[in-house]
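Have a look at these structures, which come just after this line.
Each of the next two complexes has chain A plus one more chain, namely chain B in the first and chain C in the second.
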Partner chain A sequence: MAALVLPAGVLVLLLLVAPMLLLFRISLNEFSPTQMMVEATTAANYFRAVQDPYYRQVLVTTLAVATGSTLLTLGLGFPTAYWLARMQGRWKSFATIVVMFPLLVGNVVRAAGWLALLGNGGAINAALLGLGVNAAPLPLLYNTGAVVAGIVAVVLPYMILTLSAVIEGIPRQAEEAASNLGASPLTVFRRVVLPLALPGVIAGSVLVFVLCMNTYASAVLLGGPQFKMMAPAVYDQFVRGNNWPFGAALAFILLGFTLVLTVVGSAVLGRCYRR
Partner chain B sequence: MIISRRATLGGAAIAAASAGLPGLARAQSKQVVVGTWGGDYGELLRQNIDTPLMQPQGIEVLQDVANADPRKTKLLAERQARRGTMGVACLSDTDMHMMSSQDALDTLDMSRLKRAGSILPALRKPYAIPHIYSALVLLYNPDKVTTAPTSFADMWDPKYRGRVGFSDILYSTNTFAAAMAGGGSFGDYTPARNKLMELRSLDAKIYPSNEALAAALKGEEVWMTPMWLARGYMWQKAGIPLRHVVPKEGAYAIVFEAAVPRNSRNKDNAYAYLDAMLQPQAQTAFADRMGYLPTVTDASLPPEIAKQISLSEADQAQLKAPDYEYLQRSHGEILDFWNKQFKG
Partner chain C sequence: MGSLVLDALGKRYGASTAVERVDLDVGQGEMVALLGPSGCGKTTTLRMVAGFVPPSAGRVLIGGKDVTRTPPHARDTGMVFQSYALFPHMTVAENVAFGLEMRRVSRAERETRVREALRLVRLDALEDRLPRQLSGGQQQRVALARALVVNPAVFLLDEPLSNLDAKLRGEVRMEIRALQQRLGLTTLIVTHDQEEALTMADRLVVMERGRVRQVGTAEDLYERPADPFVAGFVGRCNLIEGRLEAQGQFRASSGALLPCAASPAPPGSCILALRPENVSITAGTDGAGRLKMITYLGPQTEYHLDLAGTPLLAIRQTPSADDPLRRLSPGDAVTISWDASAARLLPAAQPETGV
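== the complex of A and B ==
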């Protein structure tokens, strides 16, 4: 049976672990504007990233946007997932496809749609100006709100499908029994559905949080040039600055934070679940 | 006769191999991969070089389309490889100098270029051919900026608060404009720091791309920007109300160049491509559509286009290439300041 893991294992080893090790080695090198990279073994790039208030702010923005987007996705996704899980008959397949629809469109194409909707000459502003509601276009684009809206639209299907698979496994009778014993719908949700759906909440939130932390296209296209998250900052160092060692260090800091927060978050929620 | 499944598969494999191998050999000897920008530039290469000049030679041109930064990263990443993916790489002069100093490019053998003799002497380099060039100017909207500006320093006039726009991708030349307005030079951008922060307090706007900036100029959201004269010409042609002035602080030249990476797979085809880029008819087409000036002595421009995209003799005389060494040394600092302080 263990041999079944071999093809995937080898692929991961070759295409993920090996480049990661190489990247880690690069992160310990020194940057030189004339030679690009000088072989060294120094943690200076990590210290610089942690000490520089700019990158600390980029990390804080990334964490805030990822956490906010995850919570918003959970809030929006749970009712839809519940409705989808309890749906019967042929409409269920149709609804599942509708939920998955955003995944069929590429990130960049979707962001281009948002640009056409939210831009100064976009559909919303054109309508508001046309109706005389506003004299000047509203700044709907190039701010945190636009980025969060863009991210939530991308990750919502992951949350809904994960939650819905778990909620389907919760027996309907458990909710009915609670109602029969006099529990209000809110109490049924709080005391029965939510605790039983918690593995789905954890899995969905972890998945969504990881995707949000690594957001690139939405941050660049909808956030504009003055909005910075970690993934675009990593790209900037590699591609615009040609500073591969510092870019690699930033990438590992992003990876480290995502990993630690995911593990700690899952453990805390898991403990609540066991109680 | 019984034909087994194994025999059938074997026969099919041999047939496929014998059919495919000559094709593969032909593809390798008669192809050139050109690392270039997409959009108008890529399209004009296709229309004026790939099809009319390379196809008759039996050389197929494949475009590897990307922006300059990813292309630079690719050249650097492939430096050690025996066989690179690009046969010809197109970049701006500053970027090309950086790639050359990183040992990513061949020194050109000018005797292999039939058109080498017609290159404008000021634009000759050992590692690249110049394809087209233009100058950094100040573009302004004449309906809003009624007194024509004369220098980069006019962007700091408080009456234009919130009306100066920048393209984020041109951070280096934007910093140059600020440096010159603050008394700096081609080899010293330090005065840009204070000037950019002043402009920030004057609510200068930053747009993510040249196209976004063009939309803002068209919508009259902003009225002034430092930009390539050629871009200004294209935008004027597209109906955006614009005029240009060569700032009195200095005329900064941009040359778009093409070079052969050291590990280019087929150098004969690459040289043939560089030669085609220097043909007068191809050069004139870029001038007509994109407003870039020819880099060869024998390309003639229609007078009405020449009037719009050429520099006066006085401006031409003070046209200067950037200080490549300085830019290479300070590129990181310039980008950091732009990102962290000005945009931050």
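== the complex of A and C ==
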């Protein structure tokens, strides 16, 4: 049986673990503008990343956007997931495909779509100007709202599919029993559906939070040049600044925060609704 | 208070009728069974009483109050689901306390009543267990306690015994009936098992394809069935198609002339219903009867007979070892007889109405 894990295990080892170890080694090196990377063993890059106000702001923005997007996705995804899970018959597979449909469009193409919708010459502003509602185009693009909208549109299907798989396992009759015993629809949700859906809420939120933390295309294309999140910052260090050690340190800080928050968050959530 | 009235209750799904028109009056403390094969509309009727299915016609009255438009959580019914539907994330005690919590009963009173309800179903030692740590029979009793603890005006049971094994079923049947009588609960139970309905309920409602076929006590249904469906569904019955030629003279479609009870029905096509235990056989021939098969069941023996081309089932107490009947074997000629008053005439099966 163990042999079944072997191909995937080897692949993960070669393509994920090995590069990560290499990257970690790089993050401990020094950078000099003339010699580029200099062999060393120092935590200086990490100190710089957390002490420099600019990068601290980038980290805060990333955490705020990721947390906000995850909560918004959860709020939007839960009702849809419930509806999908309780759906019956031939429309169900159709609805599932509709939910998954956004996944068929690549991130960049989707962001281009948002540009066409939200830009100064985009569909919304053109309509508002054409109708005479506004004299000047609304600044819909290049702000946090545009980035969050872009991210939520990407990650919503993951949340819905994860949640609906779990909600499907909640017996309909348990809800009916609660309602029969005098629980209003809201109480049924709070006392029966939500606690039983909690594994899905945790799994979906973790998945979505990780995706949000690592947002690249939406942040760059919809946030504009002033808006900085961690993933684009890492890219900038590697490609534009050629500062591999610092880029690697940023990458590990991003990874560390993602990992810690994911673990702590799901543990706390799990504790709240023990049993 | 606490009586239940169904007034011309009906449910349609698009073009198909799930429940045709049910009129029923369940008295305070009475237990009525909805009995019928699957798909007859009995569960839909129960769910309309609980409020899970909105009726398309008619009214539901609980304690004289019209609750047809009342949502399920505002109706005073206690339901036991076929799957028990216990809350998997709550302990036994929390499950039972849930309805009291919803009714804002104080914590102290809640604890007392939960303990009482669990003692009633003999589960007081298991209050901290989770449902998945209980056997099927124990889960069933938790479901009973959970529905009973709130003192519902109407107690609803949806196939409560179908997930239990045969031995347990008999025990729980007696327990539920005893509880129901002791607490004087107005009860509606849905079942497809006629034995369950006959042994538990004060009155039975036999349903078929969305229609009520007959309402009555177990005796009414067994001894005076209104139509061939009821006769065949409640207990076993020989149903012989044919014509009534004259008073007491029934001509089976196979051609045999059979004795039957006097009936006000005019001559014409009808069905002769004859319970197998009313058919007697004696060894020796009168030329018409023949034995096809014998099934020995211990206290009883089933004789599959042929009476001049009409198949007939007789169930007799197994004869003693020295009885000549014990020496019969398939193919032997026998004399078949019955008391004419035991052979009831029923209207011929109605033509299938498109449902």
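Definition applied: the second predicted complex is superposed on the first by the 274 of 275 C-alpha atoms of A that agree within 3 Å, B and C clash if a C-alpha of one lies under 4 Å from a C-alpha of the other, contacts with A are read in each partner's own complex, and residues count from 1 in each chain.
The working rule: a contact is a pair of C-beta atoms (placed from the backbone, for glycine too) under 8 Å apart; a residue touches a chain by one contact, two chains touch by 3 or more.
Fair warning: this is a prediction, and the values are worked out from it, not measured in the lab.
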Pick one for A:252: touches chain B only (first), chain C only (second), both, or neither.
neither
Given the touch rule stated above, what does A:46 touch, chain B (first), chain C (second), both, or neither?
neither
With the two complexes superposed on chain A, say which partner A:82 touches: chain B (first), chain C (second), both, or neither.
neither
For A:209, using the defined touch cut-off, is the partner it touches chain B, chain C, both, or neither? Pick first, second, both or neither.
neither
Now for A:158: first (chain B), second (chain C), both, or neither, which partner does it touch?
neither
Once the complexes are superposed, what residues of chain A are shared between the chain B interface and the chain C interface?
none
For the chain A and chain C complex, residues of the former touching the latter:
171, 173-174, 176-185, 187-188, 191-192, 195-196, 273, 275
As the complex stands, chain C meets chain A at residues 50, 52, 71-75, 77-79, 81-83, 85-91, 98-99, 102-103, 130, 146-147, 150
Looking at the complex, which residues from chain B come into contact with chain A?
69-70, 72-73, 76, 98, 101-102, 168, 206-208, 215-216, 219, 221, 328-332, 335-336, 339-340, 343-344
Per the touch rule, the chain A residues reaching chain B in their complex are 31, 33-36, 52, 54, 57, 120-121, 220-221, 224-226, 228, 236, 238-243
